[in-house]
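Below are structures written as structure tokens.
Below, chain A partners chain B and then partners chain C, in two separate complexes.
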Partner chain A sequence: MSAELFSLFYQFADVFAFLILSAAGLAIVFGMMGVINMAHGEFIMCGAYVTVGLVNLGVPLPIAQILAALTAGIIGMIVELLIVRRFYKRPLDSLLATWGLSLIVTQSMLLIVGSAVRGIGTPEGSFAIGGYTFSTYRLVLFGCAVAVLAGLYIIFMKTRFGVIARATMQNAAMAKALGARTGRIYSISFGIGTALAGLCGALYAPTMTLIPTMGATFVVESFVTVVIGGANVLLGTAPAAVFLAMIRMALNASYGQIIGQIGMLFAVILIIRVLPEGLSSVLVRRGR
Partner chain B sequence: MNSGRIFGMALLGAVLGTAAIGAAQAADPPLKVGLLEDVSGDLAFMGMPKLHGSQLAVEEINKSGGILGRQIELIHLDPQGDNARYQEFGRRLLNRDKVDVLIGGITSASREALRPIVDRTSTPYFYTNQYEGGVCDASMVSMGAVPEQQFSTLIPWMVQKFGKKVYVIAADYNFGQISAEWNRKIMKDLGGEVVGEEFIPLGVSQFAQTIQNIQKAKPDWLLTINVGAAQDSFFEQAAAANLNLPMGSSIKVMLGFEHKRFKPPALNNMHATANWFEEIDTPEANDFKKRWHAKFPDELYINDMGYNAYNALYMYKALVEKAKSTKLEDMRKVIATGDACIDAPEGKVCIDPKSQHTSHRMRLISVGPKHEVTVEKDYGTIQPYWLGEIGCDLTKKNDKDQYTPSHLPSKS
Partner chain C sequence: MLKLLDGPQTLGRGKIFWSCFLAVLAGALIYPLFADSYDVGNFAYFLIWIFMALGLCLMWGYGGMLSFGQTFFFGIAGYGYGVLAINMGGGTATIAALVLSVIIAMIAAGILGYFMIWGGISGIFFGIVTLSATLVLAFFLGQTAGPEWHIGPARLNGFNGMKGMDPLTVGSFDIEGAALYYLMIALIVIVYVALRMLVNSSIGNVIVATRENPQRAEMLGYDVRKYQLLTFVIGSGLAGLSGALYTSWGQFITPSSIGLPAAAMPIVWVAFSGRNDLTATLVGSFLLLFGFQTITVYSQQAALVLMGVLLLATVMLAPQGFVLGIGKLVVDWWTRRRRRDEAPALADASRLQSDET
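Moving on to the complex of A and B:
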């Protein structure tokens, strides 16, 4: 019985980690700046490739993963400076620009690095409970997802940067009038968003096949989580991930992956029909 | 002066003569081969060897004088794994470029998207993948292996060696669904039991729940017919969770070269039946591999689709030269004699007149803990007999249909 209970928790934690890690970066960029980053999947891919490249050079996995997230963050800030900055007043054009970037990056990676890269293997470690065996690394992923949420809470609620960032998000013109350097805030926020995307790729790199289009496997889940979560990362994305993870886990376990995916997307349609502003609209209103 | 004029005339004559020879060559235009293979998108890593195999064969054939004295012009388009693009590009090659032969397609979904378009023309179409079998269509020649060559060998062997209970993980489209049906039929005949079947949507990359469903069902072995880079993540995740079950497949190792893409021992204890895998060690195969790697030194693995794509051009050459024509009906007359054979790197392969599928030398291979490949059993040449047995006979009637164990020709 306890094995079944743990199994339920493990499956929930697994889906939750996947949703949070893949959506956090997207949610920050969307929530803070109103920019829909269509190249989100490519920043995930960047994190994965840098991780594998560094591990192959002999860098220990955890350090490679941190460096990969930083690399994605720095590239993100450069992209913000060169491309995204020009489109702040034209959200639909920014969508097109980042989508174009995504196509260019995927195809360039295919031409430069090739169609497949050899994986590095998941860190060893598994444990058995009842008749089931579990991979320890999947629990590490869950821990990382919780740590990402905690880190975001501290950055945005407890630091001076967080206060100014939230002020910029609520009313950019007023924040600027009060002396906040909104341009720098946007640049750093975009960097944090892409660094989180890179972290997602870095963390999942050992468990997956590396191909230039790998970002696409994360993109659907990350977009639906952000869409039903709404503009607030902590009060939107996190509850959305809990909710979707419960539905998906229950359906996956009883009816298999197809019904799991259909059921999750069906729930998404229902929620945006009832709550067009996402879950955070309800939670934020309650909180006030 | 006079001699100078004569010299001038001679020069003019020589120039005109050369031009005339040029004109004679231009009157014999090259044969156009239309090729549709994914070299970008999710399946690029499998499609790239298919393009390379075709390029190698075209280069070799052109160097040795072409087909019926005509050079081959390869027109490759990249449908990027999109079935709508397969149809669009297929129409473009057939109607605008007027290719003499169409080759290609990776997934069975792309083949079925192309087939109705090919059927409206009189252009021959070569499908070069192993697949779930059953296509009875006079326009199509299948170069890859089919279930009676792959599953009727592999499944009894797995049952005998590992046990009667199997769990199936299959990609959720026609290939996975029909392959699973084949497995059910063969397991039933063997008195075995399918303890679970899970169909996975393409693009899914997370398998923690699937791994637990498998452990709950307690199978003796797994049939893994998951497709694409995302679904291949199953192997890494199953190894990390210490699932540790024997596996069998019709597409792993020789097709997706997972044993080269994953770190050992993720593919340990995988079994597959194949007409080609790069580890084949015969003089003909080694010679072929040497030529391939000389032209494409960066190739990670020569997979069976790439190998079949290479053979397809030689089979086309043999058919055209025996028929002395590039017309489909003339080529089919050669196929009907049962004499449409080539000496391929695996050995002699022939097209079966009834089904227009290819006979193959099949071997059962296994992957060890260090991802070394061992030949467990050599079945010799196996004919693609199933379609003929159930009543498909393309020499008499063009069904243009795909049959499965549950969809047989109506008796008329």
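Moving on to the complex of A and C:
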């Protein structure tokens, strides 16, 4: 019995980790600046390529993954400085600009690197409970997803930066008048967002084939999670991921991955009809 | 009715504009007499995509709804045409398949649009929900390779795409080559003129009013959601028309014409051209398709990189669109010159400028 229960939890954890890791970066950028970064998938791809490149050079996997996330974060801050910064008052144009960037990056990578790069293979290690065997790395991914949420909680609720960032989120003009450097806050937030995207790519790099278009595998999940999660990462994205992971887990188990994805999309479309402001609005209202 | 051809929502009016329009049309009509059949087929191929661009122009430029789902409806109607044409047999039934597949796409747009518009989705989220639906459709069709995925005798064939449907046919006459080209020209003229009349009619004015300020339009007594849904269904239906014609033109369709990067293409054409005007979209999309096809011969990736650069450059340098911007410069220059000739009068310069959003 407990083996079946654990198996259910394992499947849930797998989907939940995927949703949280792919959506967290997008949600931070959306929550802070109201911008959807259409190049989110390309930052994920960047993280994956840097990881694999470093591992092939002999760097241990965990260090390569951290370095990959940092690289994506730094590139993100440069992109913010050069492009995204101009569009904070025109959110729709930011969508187009980052989509243009995404096209440029994906297709240039196809031109330069070619279609496939030698992967590094999932770290070995599995354990058995009852009659089932489970991959340890999948549980590591779940741990990372929880750690990301905890880390974001600490950054945004317990640090000075977090206080200023939340103030900027609530009322940028007022925060600026009180002396907060909103430009710098935006820049750092965008950097955190893309670093999380890079981390997602780095963590999933060992489990999948590396192709320049791999970002597209993640964007649907990240979009729908942010759509129903709304602007608040902790109160929106996390519950949204729990909810979607339940639906997805149930459908995956009986009908396979693609039906799981379609079912998730239908659920999201139904939810936006019922709760136009997203899950976080309900939770926030309850909390008041 | 004809009065509606010119109005506040469309640029270009009066004798000069319509003479140019007729001259271009005449040029397009006699073109097959001079060109070889390969080039005519190629031109017909560019024209296929124009409907999709005009539909997006209506939704985005006039209705203020940025849909990233044009290829979603393109795919639904494209696959729909294939399934119907194979199941109903060739011959004149293909015309029915074309019409039905566009209707199916419009019904799909009605359902998706209902949930999004009545759910109050707008702006950025409208784009990413439609894009999510598009990508999921592409993933789904990509994994239908097995023999169990079929509708009647029509195999979906996964990533390799569906093939083997008949082209549009009347009796025993296949509409291909020059005939298809003339059909495209006729359809484009009809759609272009009809859209001009639509946006200049009272319905069009409500659509534009909704774009400018949905709340104000609602306060004036219009149920803006109905107008938005109408716009979405028409715009997406035009994407469906492109899809059905595409399948008929090449007798195949693959999931890659739905997913990324295909889904970005209509956005690039319309943004670059100038989303606020139908004529600019028509001209600009054609130019871009022509340029894209020329470069694709050498390298598809390079062509797509260029599209990305154009999109980025458009939003950074000319958010209203390059073709529209250049068109306005020419018109301004022309009127300024004429005004200088005719002695200064209090000409209403503002009538040449569309509303800035």
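The rule is short, and it goes like this: the second predicted complex is superposed on the first by the 287 of 288 C-alpha atoms of A that agree within 3 Å, B and C clash if a C-alpha of one lies under 4 Å from a C-alpha of the other, contacts with A are read in each partner's own complex, and residues count from 1 in each chain.
Methods note: a residue touches a chain if its C-beta (ideal position, glycine included) is under 8 Å from a C-beta of that chain, and two chains touch if they have at least 3 such contacts.
Everything numeric here is computed off the predicted structure, so don't read it as measured data.
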Superposition on chain A - do chain B and chain C clash or fit: clash
Which of chain B and chain C A:59 touches, first, second, both or neither: neither
Contacts of A:261 with chain B and chain C, given as first, second, both or neither: both
Chain B versus chain C as contact partner of A:246, first or second or both or neither: neither
First (chain B), second (chain C), both or neither touched by A:86: second
Which of chain B and chain C A:223 touches, first, second, both or neither: second
First, second, both or neither for A:121, with chain B first and chain C second: first
Partner chain in contact with A:108 - chain B first, chain C second, else both or neither: second
Touching partner for A:149 - first (chain B), second (chain C), both, neither: neither
Which superposed partner A:180 touches (first chain B, second chain C, both, neither): neither
Where chain B runs into chain C (options 20-28, 56-64, 92-100 or 182-190): 92-100
Set of chain A residues, in rising order, touched by both chain B and chain C: 106-107, 110, 213, 216, 220, 258, 261
Residues of chain B that touch chain A when the two form their complex: 39-42, 44-45, 47-48, 172, 198-201, 203-206, 208-210, 212-213, 215-216, 218, 229-230, 232-233, 236-237, 239-243, 260-264, 266, 298, 300
Residue numbers on chain C that touch chain A, as the complex places them: 66, 112, 115-116, 118-121, 123-125, 127-129, 131-133, 135-136, 139-140, 143, 259-261, 264, 267-268, 271, 299, 301-302, 304-305, 307-316, 319
Contact set on chain A toward chain B in their complex: 7, 10-11, 14-15, 18, 106-107, 110, 114-122, 124-126, 128, 131-135, 137-138, 206-209, 211-214, 216-217, 220, 249, 252-253, 256-258, 260-261
For the chain A and chain C complex, residues of the former touching the latter: 34, 36, 83, 86-87, 90-93, 95-97, 99-104, 106-108, 110-111, 213, 216, 219-220, 223-224, 226-227, 258, 261-262, 265, 268-270, 272-274, 276-277
